[in-house]
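By letter and in written order, the chains are A, B, C, D and E; residue numbering begins at 1 in each of them.
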Amino acid sequence: MSILVIDNIHTYYGKIQALKGISLEVEEGEIVTLIGANGAGKTTTLRTISGLLHPRFGTIFLEGEDLSKYTAHEIVFKGVAMVPEGRGIFTRLSVQENLDMGAYSRNDKAVIAKDLELVFSLFPRLKERRKQVAGTLSGGEQQMLATGRALMAHPRLLLLDEPSMGLAPVLVENTFETIQAINDEGTTILLVEQNATMALSVADRGYVLQTGEIVLSDTAENLKQNEMVQKAYLGID
Amino acid sequence: MLKGFLDRYLERFSWVSFFLRLFQIAAIIIIVVGVYNTLTTAKYTNAQWVTLVFAGLAQGSIYALIALGYTLVYGILLMINFAHGEVYMAGAFTAVFLANYQAESGFLARSPWLAILSWLALAVVVSTVIAILLERIAYRPLRNAPRLVPLITAIGASFVLQYTFRGFYGTVFRSYPTVPALQGTVNVFGAQVPLVQLVVLIAAIILMVILYFFVDRTKRGKAMRSVSEDHDVSRLMGINIDRIIVTTFALGGALAGAAGIFNGLFRPQGVFFFMGFFPGLKAFTAAVLGGIGNVRGAFIGGLLLGVIESLFPNLILEGLGIPAVNQLRDAFGFTMLVLILIFRPQGIFGERLAEKKA
Amino acid sequence: MEEKPRPTWQIILRSGILGGGIAAYLCLVGLVEAFSERFLIGSFLTLGEVMLVTGILIAGLLTARELKDNKILATGSSLLSGVVSSLPLILLIFITMLFVLRPEILGATYNLRDMFVNLSPELVEILTLGQGLDNLALGILLLILLSALMSLLGAAFVLLPRRWSLGLISGIAWVLVIGIFSDTVSQIVRQVAGQGMIRVIFVNEALTPQAAVIIFAIAFVTGFFSVHTRIQTRWEGIPQTQQSRTRMILLLAAFGFLLVLPWVVGLFLSQALFTVGLFVMMCLGLNIVVGYAGLLDLGYVAFFAFGAYTMGILTTTGSLGRGGLNFWMAIPFCILVGVVWGLILGFPVLRLRGDYLAIVTLGFGEIIRILALSDWLAPFEGGAQGVLHIPYPNFLGIIFDSPQYMYYVVIAGGLIAAFVTIRLRESRLGRQWMAMREDEDVAEAMGINLVQTKLLAFAIGASFGALAGGVWAARLGNIFPHSFNLLISINALAVIIIGGMGSIPGVIIGALVLVGMPELLREFTEYRYLMYGILLIIMMLVRPEGLLPEATRRRELHTGEDENFEPVSQQPVGSDR
Amino acid sequence: MAPILRSENVTKRFGGLIAVSNFDVEVEEHSISAVIGPNGAGKTTFFNCITGFYVPEEGEIYFGGRTIQGLSPDLITKSGIARTYQNIRLFANMTAIENILVGQHPRLKSSWISSIFKTRGQQEEEALALEEANRLLRYVGLTGLGDQLAHNLPYGAQRRLEIARALASQPVLLLLDEPTAGMNPQESAEMMVFIRTLRDDLGITILLIEHDMRVVMGISEQISVMDFGEKIAEGNPKEIQGNPRVIEAYLGRGAAAGLELETRSNGN
Amino acid sequence: MNKKVFAILSLLIFASMILVACAPAATEAPAEEPPAEEPPAEEPPAEEAFECDDAIGCVELAPDDPVHIASMLTISGATSFLGEDSVGAIEIAIDDRGGTLLGRDIQYTSEDSLCSAEGGQTAATKVASDPTILGVIGTNCSAAMTAAMDTISSAGLSILSPSNTAPTLTLDDPAAGGTFKPGYFRICHTDFFQGAVAGEFAYNELGARTLATIHDGSPYADQLQEVMANRFMELGGEVTFQGAVNVGDTDMRAVLTSVAADSPDALYFPIFEPEGPFIVAQSSEIAGLENTILIGADGLLVDSFPENSGPNAVGMYLTGPFVTGAAYDEFLAKWDAKFGGVPPSGFHAFAYDGTNILFDAIEAVAVTDADGTTYVGRQALRDAIKATADYDGVSGKVDCSDKQFGEFTSKGDCATGEALGVFEITEAEVDDGNWPPEVIYTP
């Protein structure tokens, strides 16, 4: 069953149209990736789903419920969490407080504690540094924190925006292993990634965006073999 | 070798640093000379100095409570809520009628603490409501406008509030009744300090501690801190930032309302529609002094400013042979601000906002 | 974001309460009563009554606007919301009755009028349309009726066919404007047509009924036939070359008009124009500091004061006089002093940013005022007693002793200021300023010397302010430190932001609105500031980019309409270190 | 050839945090060099030390034979160093042409007084500057976009405009902070070619920070690897790829292996 | 760009040409204005038409025209109580005449001159631009008058002030700081009177030998304390401290501590509310002021002062205008009937007398010709006011002839210094709301 169905959304920044009729679907338990050049509208799509932007036309359904009438903070309550581009951790809050904020939408103390354990088991480094101010973490640790914080919302759908950006190659692999692990725990993931090679290696399916439109959609395996994708996004001549 | 060294030095020579350094040295010399002269003439007794310090602390705690409102709002919206002084006025000006009514009817004499609490409640409610309305009408629609636009609406709101209350309550200067229970003095370091000043100081500190715990420990408080870092990411956490912003304004309003009552206890006269303007400016100064956006800084800045104003003109300027020093008090307060900011461009407790990010 | 249609009863209630709330507010704040004897037309419509019905009008207007698709429903609803809007007023009547006029009814022990000074018998008289407490029931009935009618009128603005409503609005607006500004209008009429004409148009500051009818008719017709748009379409039809020639002629005509203006409008309005011109001059300077260089300066009045005191001390024939120069010789010194103090005050704040800069400059303004006032410096510049006996400028034997002459001085000063501003904006220095405004660090990395650039902004800006101060002192003839208060700084800042930051025509429009208007509204005395405040808020809410923004900013704001728009380059700086 | 830029034992601290520690680097004239390392390793801080935004607590930076550290950023720019930023930092509300004109600032001489009176010299200089700005605009492939506000340009164009702005000061040394960030492999490849052209055509020395190993290995002649503020390795691409410390701290085995494959195939 | 420069330059040249061309014509313009130049009655006159030969012109009132007077007072801002006080008195004076003068309605325009120089000047241009106005009551503050004087005087108007107290206003010797211009009259007493009264009272009546003063930076307070201190020293006293506070200050403890350092016998602070009550109330907290007698001035002679100052006000003194007598009681009764309560400040009597003097003078000089047109000569009006002597006003004897204060000659000063007194605040005022307080000393 599709957890997320996006139908023909058009999003504008003022007068500039960023999305020109995007339609996509994400099935429960999948990892779906959006790839495309900078400015193609990948981030805009995620921001539209999470409610930070509002589509001028089109609908977004999460398990049959129309999301476009909700604002960003309400959408979190519906079970969608997002790790924004650049990670967006609260640098002046401690690691623990950052994670608390991730669970802001929830009141079930017991389950939160369990989720916290899960996050710490995924990222043992965070447990060591839970009292530390988040701004002093290294880049890789910040990415862990951002991901862990999003997991604290116990989302059914996790939106990841450029998780590997600015990370050392050695950490990139780790990151995608974690993404796979999160998915194995049952969380559906919509992944926007610059590093198409890695993204397609973990994803089940992928969509290719160009200037606000979807030009290609297929399973990850097929996309990897696609000539255009190889040339433009995988760097294979 | 020497020439090379000299060249290198001259190339890096900055007139700005040179003059600022000169300025700092001059300021320190002036202060030291002034203090020395004043103290050696022994014009004032120690008791008089202590009196001035406590009067300054009481005054400072009122600045501090108002400054907290500035700083909270600044932390979250990065805007100067110029009308905050008027929020303070609104509460104080409204509660004065209740206070006088209770004084007339004898209620104040019968149960003074209950009476004061009721004034406090009224002032806090009025100030809070005004602060919330202010946010709703004058600031929220402009949240994404260029930075100076809300500053102008804030100035406009400041005028509107002043003259609204002038229209409502008239132009007559009102006074709070004196509370017999708060009369009398306490012996501190050999000086007779009025009880009411201590009460005001302690009450302000208690409020400050409560606020600190609220911001530091509670879920709402943490959400406030999150919002102050990043609006969008906070929304992604499920935080309703509108509600957090309203909470912030309400908190600032409530503290300003309390400040109004403390002011009425400590210095009953001069309750009128313009009473908020200068304390507002001073509190804003105090907030900057402490490092705007920083809760602790605002409080310390407020107390410091109160003491500077109360003590320093007599202590420093008089020793320099300047006539009518108290006239220069505000100028002196601002000069101290400039001095402190030259030493520490981010204020006393401020984060290094001014540090270059490249 | 989606506008959910609200149920009709909710619309009626909301706009009714809002409109009634506004009306009640105006009553409580005293506007209604204060102008209850200020007649607008003959002796039957007062300004107070207009104020009272404004809120109710808004109630009708709002209701009708939300329901305008269904005219019958809208009419009925606005009638109802008019009735609703009378409720707060009725409440006011009862409160006044129970707590002020007839405390014995409830045994109230507190006279509420001690608190709300405007809960007076007169207010009850006005609200009950003259019936008073004796005929309370009739009075309230009349009030409800009036509210319903006025609400309908408000609804009519929306519901009538466009032409009719345009005509109606322009007719009512013109009658009100001329009635309110009767003072100003009669000054001009006096200069142009003589005292006799005034007797025809005005009776005791109010419009005569005949005049009101005629004005309404003319305005209605122009509105009805939308003369304005017609001229515009006609204008657009004219070929380009002819257009530019016409424009040139119009420009020349406008300039000629500008030159003879003081003699057309008379003494008082010339004084107002003088003040506006003075602010234009000053704000052009502030515009360089705030608009171009992006340095928020809340203490600009300091430079105005320096100019004024320099002029005063150098030219006064009184005991404080030093130098004994004349106006023209002193002007360069004013500018020089401005520049020097711009540098001196700019110096310590070089390292401060944003709001720290704002409070420190604000402090400077206050420091200067307090020092000017102080007994300490009084032997040099007069202290509280100010500087007296500043002679008027003398030009080829003409003594500039009236605002009509000084007007030309500010026009000349304003033109020079505008000229310098335009030239600098398009120069290398202008680009330095704007780069600094956009991003100080990057500007420095482009090889721009921030110290020099900032100090130049302060100094050049200050020189305009000081020039204005000098001219002002010469007009006033004597200066007192109390004049140099924070309000001038605030006003100047508001002018450039309301006008549209960085734009020169914006400064002129801003000064006309924020400086000229209050002069004309002198009649409103203490309510002037209230109106000023409301004006500031409304203008910023409606046009955050200002009335005539600089072209680039306009573009920016228009692309930035979406609330979540974040330009790429303004995203937070990552902390890679 | 003498190094044009040389740093000796540069150390920069923030409070207790050591961002750059005893960092030495030598950049040969007309070379393309790179600094790589994990996020937060201190690369950008090092750039900031070179351009004068930070003054290192210890060590010396020599540029063209004389020491520059402690000079203010504008003087350093005037001496011939220009840079771009990791997150593009254009003057967002100025047009593209204006951005480049600001970049030309150090080369212009006319005073503000001459611009009030529009002296002949000033007018000539402005005209030349405008011509040069248009030429640079064409050079980076943005012909016709001169009147666009910088923040309205598409991402790639902004990157190029930033480089044009840096070139406008006619630098000897160009510092590029992640020039291909946010670009797809195709665009990255184009950028690589462009950077090489810059060096070959204009004779500019280039020092870059980059995460995309394909770019780094593809164009750099010399690479320094940073971790926790320290230099852990230095050498040509081959040496770096083979360096076990680099592999452990930064590249990871998989990436290193992949790169090795690629360089080999490129070499062929 | 070049085009723009050319345009601007040519505009500048054009502007200067016009400036030169217009100017002489313009100076003539006002001369044309007085109707004297154009024979007022062109139609065949039934009788001999009135010829206005007044040096500065006449005001011509058509048969239906009202008699138009104006006031320039401070009716907004912090000092508005002064303005309200005067406006009320003017309205009562108009009512006293049944709202008519010379058989015409009296039209009264109230302008706001604020309490500042620029406010005064703007109000003056407004009044001066209406040629129907005969005379003006104003201003309240001396700063406003200083700036308004020239405009008012050159417009040929007469202005009578109810509360300007700065001595310079009536000195016509600029070398001595005088700013007098013809047409200005002052009904109230100058600081020379009040300062002297305060000084004499403190030295002679209270037996004070040391004195401290505080002013608030207003020209008025500064001047008054200076005059008082000088008089006190002339009498043989010692001035230990002359300090100042700022308008808006609330904490007076620091300045009072400075005062207390010398424990003076008396403290004179001729300032306003709310700063005055702060000084009174906070002085009780300062050690060293226990035996210091507080003296305020007319700025604090407001009915809210005792209540605001609290118990510490008991036993302090206020100097100020003191008017008494049956006429004054009658005036107060009228006030109570019209506005309720008592006037908010102490200068209403002067405003009332000034208005009446103006009306009397208008009546005295007005000439009506056969067709019902009335002419009032502006210079004649000034002369008539000037000639007022031995006028028995509510505020006592009024005499507008030139006076001598030491070496200074003052013109236009109408007050004789009779109407001054020292009031003592007692428990009756503080606790029971009695107002005004008892006068215990008159010069």
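One rule holds for everything that comes next: contacts are C-beta pairs under 8 Å (C-beta built on N, C-alpha and C of every residue); 3 or more make two chains touch, one makes a residue touch a chain.
Note that the structure is predicted; figures quoted are calculated from it, not measured.
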| item | value |
| --- | --- |
| Fewest touching-chain hops separating subunit C from subunit E | 1 |
| Which of A-B and C-D has more C-beta pairs touching across its chains | C-D |
| Chain centre separation in whole Å, for subunit C relative to subunit B (CA means) | 30 |
| Inter-centroid spacing, subunit E versus subunit D (mean Cα positions, whole Å) | 73 |
| Intercentroid distance (Cα basis), subunit D paired with subunit B, Å | 46 |
| Per-residue overlap in subunit A, given as positions that touch at least 2 other chains | 16, 52, 71, 91, 139, 166 |
| Shared-contact residues (touching 2 or more other chains) in subunit B | 14, 230, 232, 323-324, 327, 330, 356, 358 |
| Multi-chain contact sites of subunit E, meaning residues that touch two or more partners | 1, 5, 80, 217, 242, 244, 246 |
| Residue numbers on subunit B that touch subunit D, as the complex places them | 8, 11-12, 14, 356, 358 |
| For the subunit B and subunit A complex, residues of the former touching the latter | 219, 222-223, 225-226, 229-230, 232-241 |
| Touching residues (chain side subunit A, partner subunit B) in the complex | 50-52, 71-74, 76-77, 81-82, 84, 88-93, 97, 100-102, 104-105, 149-150, 153 |
| Complex contact set, residues of subunit E against subunit C | 1, 4-5, 8, 11-12, 14-16, 18-20, 22-24, 26-27, 29, 64, 66, 75-77, 80, 107, 111-112, 116-118, 121-123, 125-126, 128-132, 143, 146-147, 150-151, 154-155, 168, 174-175, 177, 179, 215, 217-219, 221-223, 242, 244, 246 |
| Residues of subunit B that touch subunit C when the two form their complex | 14-16, 19-20, 23, 74, 80, 97, 101, 105, 137-138, 141-146, 148-153, 155-164, 166-170, 230, 232, 281, 284-285, 288, 292, 322-324, 327-328, 330-331, 334-335, 337-338, 341-342, 345-347, 353-354, 356-358 |
